[in-house]
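One chain, chain A, appears in both complexes that follow, with chain B as partner in the first and chain C in the second.
Up next is the complex of A and B:
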């Protein structure tokens, strides 16, 4: 170990540099004049997404590890990076819609979202404990603030407070767990930890358990999920959408990389994770039944979805990564689409999230109602939607995972049946004739339509033609060394 | 401190961590809860520094520096949020802040 000779490969870091430059540019432009329209600031944000994506293209085919083995750039991280960029772009588009979303501080808001995504990039490539911690904190710190940007509403303040308290608690577990893992392995790289995992001692087991607790908090897996419905309901709509997709994806990138590089096979140390996944699937779906607020319902739904995604890791087999990425991609298109419909219909008030105001939506706004039905069918896993094939892939993995895999498969099927009722009820309500119901506020802007159409296209294409994705499976199965 | 064995450092770190967790669970004032969280973070720091000393390895020390830096940023954000809530409610007991439930 020496301080000299830090190897830096700039092309690998180019996407992060592009995003950083974009974020700083947004801040500077915002500072330059108060007369700058909000759309310009969000436009710069979306442009920096495109720039970051373009800088990723030359990396294709050149997997490498830079920063002295701390930061990996491989197929696995590229997939997550692309997913994060998609989510960032959609979130920026949805946020640009109205002032209530960003509390009037468009510049700071857009810049924070971009910096948040940089944290996600760091997480996707993190190959040692220090970088994992840095990435998680960069993502979280920006999100604590963003959760509170709807601050004229009291619920948004409450969401920010709960998020920062529980998020920092989770980081506490993560740090102490990392310290014990370091003590057990003598190094912070995942490679060193993998060597210690070969002959685990008490220190390693305790450290890994605490590390998993911290990560489960961030992923909102039961029993560490209690903050999620509150934070999802209170945060501004676009931020809720971002949390439920980008934060999950980035945290799963860490979980998968740790599972594959440290264990590389189904290990006893991962059993608590399987238990937590089963609980999440049950609690997430059963908890969603009695919700009357759509944002909160999607919050419970995201707890269940996180449980489903863990199933992909059941056998820690190469196909598991492909299954996980397929499900995450399907989930991203579906969830972003559902939130885009809500943004489309909303008028900045809180009532648009009340389920009651969606009753009879079909007769007033047939197209948004149809899109919403499609997204909810996909979340439930009805055939011909992306969610269905995602669940088929997950079940395949579950059956390769021994007795715990079978247990997770049962929980997955049971959870799916419950979710048919949860999502079916919402769709039923939208198509039932309604009398004496307060009409849903009916915004109709172009920006959310783009996101709705993109979400619907993704949900259908991945649902009807999943072989497009299967074709890339050999590419993905070798994703993590 | 050449005479202090690693186990003693770990005992103190574990005790700090436990105090932090218990404090977080028992206290209802967000500022006190943040102090409890700070204890947990520093318990991790102590363990990292102790291990780094034992291994004669810098990476543990670097982790400590990074945690300390992030903790400062985190405290700034958390306190700002507490102040924002306080200005609205004149009251920061987390049991009272429960508009969101269910």
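Up next is the complex of A and C:
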């Protein structure tokens, strides 16, 4: 089908359509009556995730483009879409808790989350600078609002404001860089930019540098990370979980597509990226040492993890994509699981975001404590967890990346060592004798338990049998065209 | 499948414990001990293997550009490490009954049994990825026991020292493994002689050796050891010093030496100096120690330094004697730390100056202690002697200078072990106020007895072990044997 000269393939766009319909339905139901329980609204949201996933199934393993080549649905974007849906579903589940912060307006909140995810879908398939920008803006604008939905708390307002200001700055870099890239290459498609990259001129270099800065802001890579800890701490718990996984995944989809489509194996243009990754691994892990708030700690941790994930691209080799997707998947299961434990114990509120409330938790609530320990072991890269095998794959890529790759491998190992202390401290506190420590009351709702169990299962299964994930590797080798 | 049963029986026992109520301490003890003893008995069946046969189990695990297999094996090299682990673990599980508060006993036993599985997995792993997984997983039970059960702030600090130091070693080892597998494309490296450039194999062997030196520990990478050994509850320190400290030296024999024979020779001068430094520094520090557990900790450093020397002297006698020494040291260290633990529990201090004359009240304890201390100083007829003697004969052939230096430590060992025994057991009676009866209880006697029996057995019949191990080492295809051949 085509519309005014633009070819449209509806099956390719079906997941986006399904999500849009789900989001609108949530808004309509919310409008119909104020007496609708919030569980129903979140339930519709989860149902639209399932619907979107069903529409994705026929696309598995397909290579299709639509919108005159501006939007791709390939093996690569499929994996990212699946991760985004998983994150969305978990976030909705965690948001449905009694004390969760949705600003008293569950309908708008759930709809915004869904629209946000559509932005992520657009980013994952974007093959064109304009579509990239559209996706990023859709994702970001919705998230600015969501970060502030805990508005009776000042921290949430602060988070929203900081996120808007620095996010807009980042968008400014991105669009300015895109404009220069367009000027240098005469086109907005990544293919056109790749042709310009073959013989880069000053305009191209400046454009790409600005583009990279903008993307680094979104990924919270050092030195563009300063907003992350504050925003992570202030935002409602479920939104923090969403940010740390979905935003990263979508932005990495863009980064990987650009790196693989535009640049070759030994391109010097990516050297700044390697430097930024090394800084992120160091700053993220060292910064996490002194944190006493778990959301903030995970904020710093996510800076370091983003640095790790960049290492996957070190060799710009086909295996790198598989490594990146494996690590992102491991990170998603692990991080969502950790946030789910926090939400479970605090019943959706921030009471269990304070590290102090974890003292002696092993003896009060052994199972949530054991799950939290598992997730933190995985983030630290202890064997038999998904995070460990992810790091093995990353190091493998680093060794194929020349001297910068070796540098990144050393930074990764050093950062991991520091993170042993960071994550070990939480486990250490949970296992400490807690005589005379007042126990913080903890919740035990069913919904977050599902997320905890799913997270733990993913972390363990992919850790012990990484082959299960790797079975899709033949798909991934040719993922990006 | 027998192999897998032996490896995972402790873990399964640990999981069963979780199903038993925390308060049913009788049932918890019975199940844990039954599991640990059953593991030991099952592992004895490996003795029926002939010298050249192996028990082997392989299952495909990870395919693709980098392959790995779930490959476990018990051969002549691994057999004695497995037996040492199962014996010492069973003893330590039994010993643990008195060390945790009743409500926390379940967790303590759970962690000890999982620790045993990681150790068994490590000593049977024939695939590098598997080896590394267990290598790192070992950190967790030790870290948790130290931070959760030892009860003092010092112990909780010691947990950090242990985790960070050994974590660093582990990560460097991981870099080395990845660097190696980047060339071989498989983690299943036993029997492989990778074709590496000299510089690369130099770096890779360095990474392996660093990790192994931290774990053993060897001077100057031992600074995590004093705190960990003195602060750990006795069953834990008996397992760490008795079994875990063998992991690095086992890794040298099973992986590093066969994989990088040439690089090992390039590194050897430096590593030999490290060995001598460990031997002498450990012995001198032990003489100066006023803390009885610290004294044994430093004596460990000294004794394991001797094994380190044996391996890098590259003579066939010394390598196989090194294995004998390792097993013997595992038994002796476990027995000593358990006995000192009993004493500390009764008198409430580790200070040698505050305790004395115990033999008047506790003749049996004194007798046990005497056997263990004499074995540690290398009295003929006990296991320590045979290993030490054969090592020195072997190293003399290739490294006479270092051997003569090491001989000094043999004399020093008599000094510190006699100081330990005499100040605890002889002389005028000195007891802190409020100390209870000192004599060993029947349970304590029975649980240490197997270790002492093994010490005596290996002392009078070292050939039982030594006759099997030369084949073990030469059967390690092909590197240790060729390494040895080149210089012997």
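The rule is short, and it goes like this: the second predicted complex is superposed on the first by the 466 of 481 C-alpha atoms of A that agree within 3 Å, B and C clash if a C-alpha of one lies under 4 Å from a C-alpha of the other, contacts with A are read in each partner's own complex, and residues count from 1 in each chain.
Methods note: contacts are C-beta pairs under 8 Å (C-beta built on N, C-alpha and C of every residue); 3 or more make two chains touch, one makes a residue touch a chain.
Bear in mind the structure is a predicted one, so any value in this text is a computation, not a measurement.
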Item to check | First, second, both or neither for A:213, with chain B first and chain C second | outcome: neither
Checklist entry - Per the overlay, which chain contacts more chain A residues, chain B or chain C? => result B
Next on the checklist: Which partner chains sit in contact with A:169 here, chain B, chain C, both or neither? Use first/second/both/neither.
Outcome noted: first
Checklist entry - Touching A:19, do we find chain B (first), chain C (second), both, or neither? => result neither
Next on the checklist: Per the contact definition in the header, classify A:420: touching chain B only (first), chain C only (second), both, or neither.
Outcome noted: second
Checklist entry - Looking at the overlay, what does A:258 touch: chain B (first), chain C (second), both, or neither? => result neither
Next on the checklist: Under the stated touch criterion, which partner chain does A:245 make contact with: chain B (first), chain C (second), both, or neither?
Outcome noted: neither
Checklist entry - Can you pull the chain A residues that chain B and chain C both touch? => result none
Checklist entry - What residues on chain B touch chain A, complex-wise? => result 10, 13, 17, 20-21, 24, 30, 33-34, 37, 40-41, 43-45, 47-48, 51-52, 55, 57-60, 62-63, 66-67, 70, 73-74, 77-78, 81-82, 84-85, 88, 94, 97-102
Checklist entry - Can you list the chain A residues touching chain B in their complex? => result 1, 3, 128-130, 133-134, 137, 141, 144-145, 148, 151, 154-155, 157-162, 164-165, 168-169, 171-173, 175-176, 178-180, 182-183, 186-188, 229-230, 233-234, 290-291, 293, 296
Item to check | Complex interface listing, chain C residues touching chain A | outcome: 61-66, 104, 107, 129, 132-134, 136-137, 139-140, 143-144, 147-148, 151, 156, 159-160, 163-164, 167-168, 171-172, 174-175, 178-179, 181-182
Checklist outcome for this item: Per the touch rule above, chain A residues touching chain C in the complex are 319, 362-363, 377, 382-384, 388, 391-392, 395-396, 399-400, 409-410, 413, 416-417, 420-421, 424, 427-428, 431-433, 465-467, 470, 473
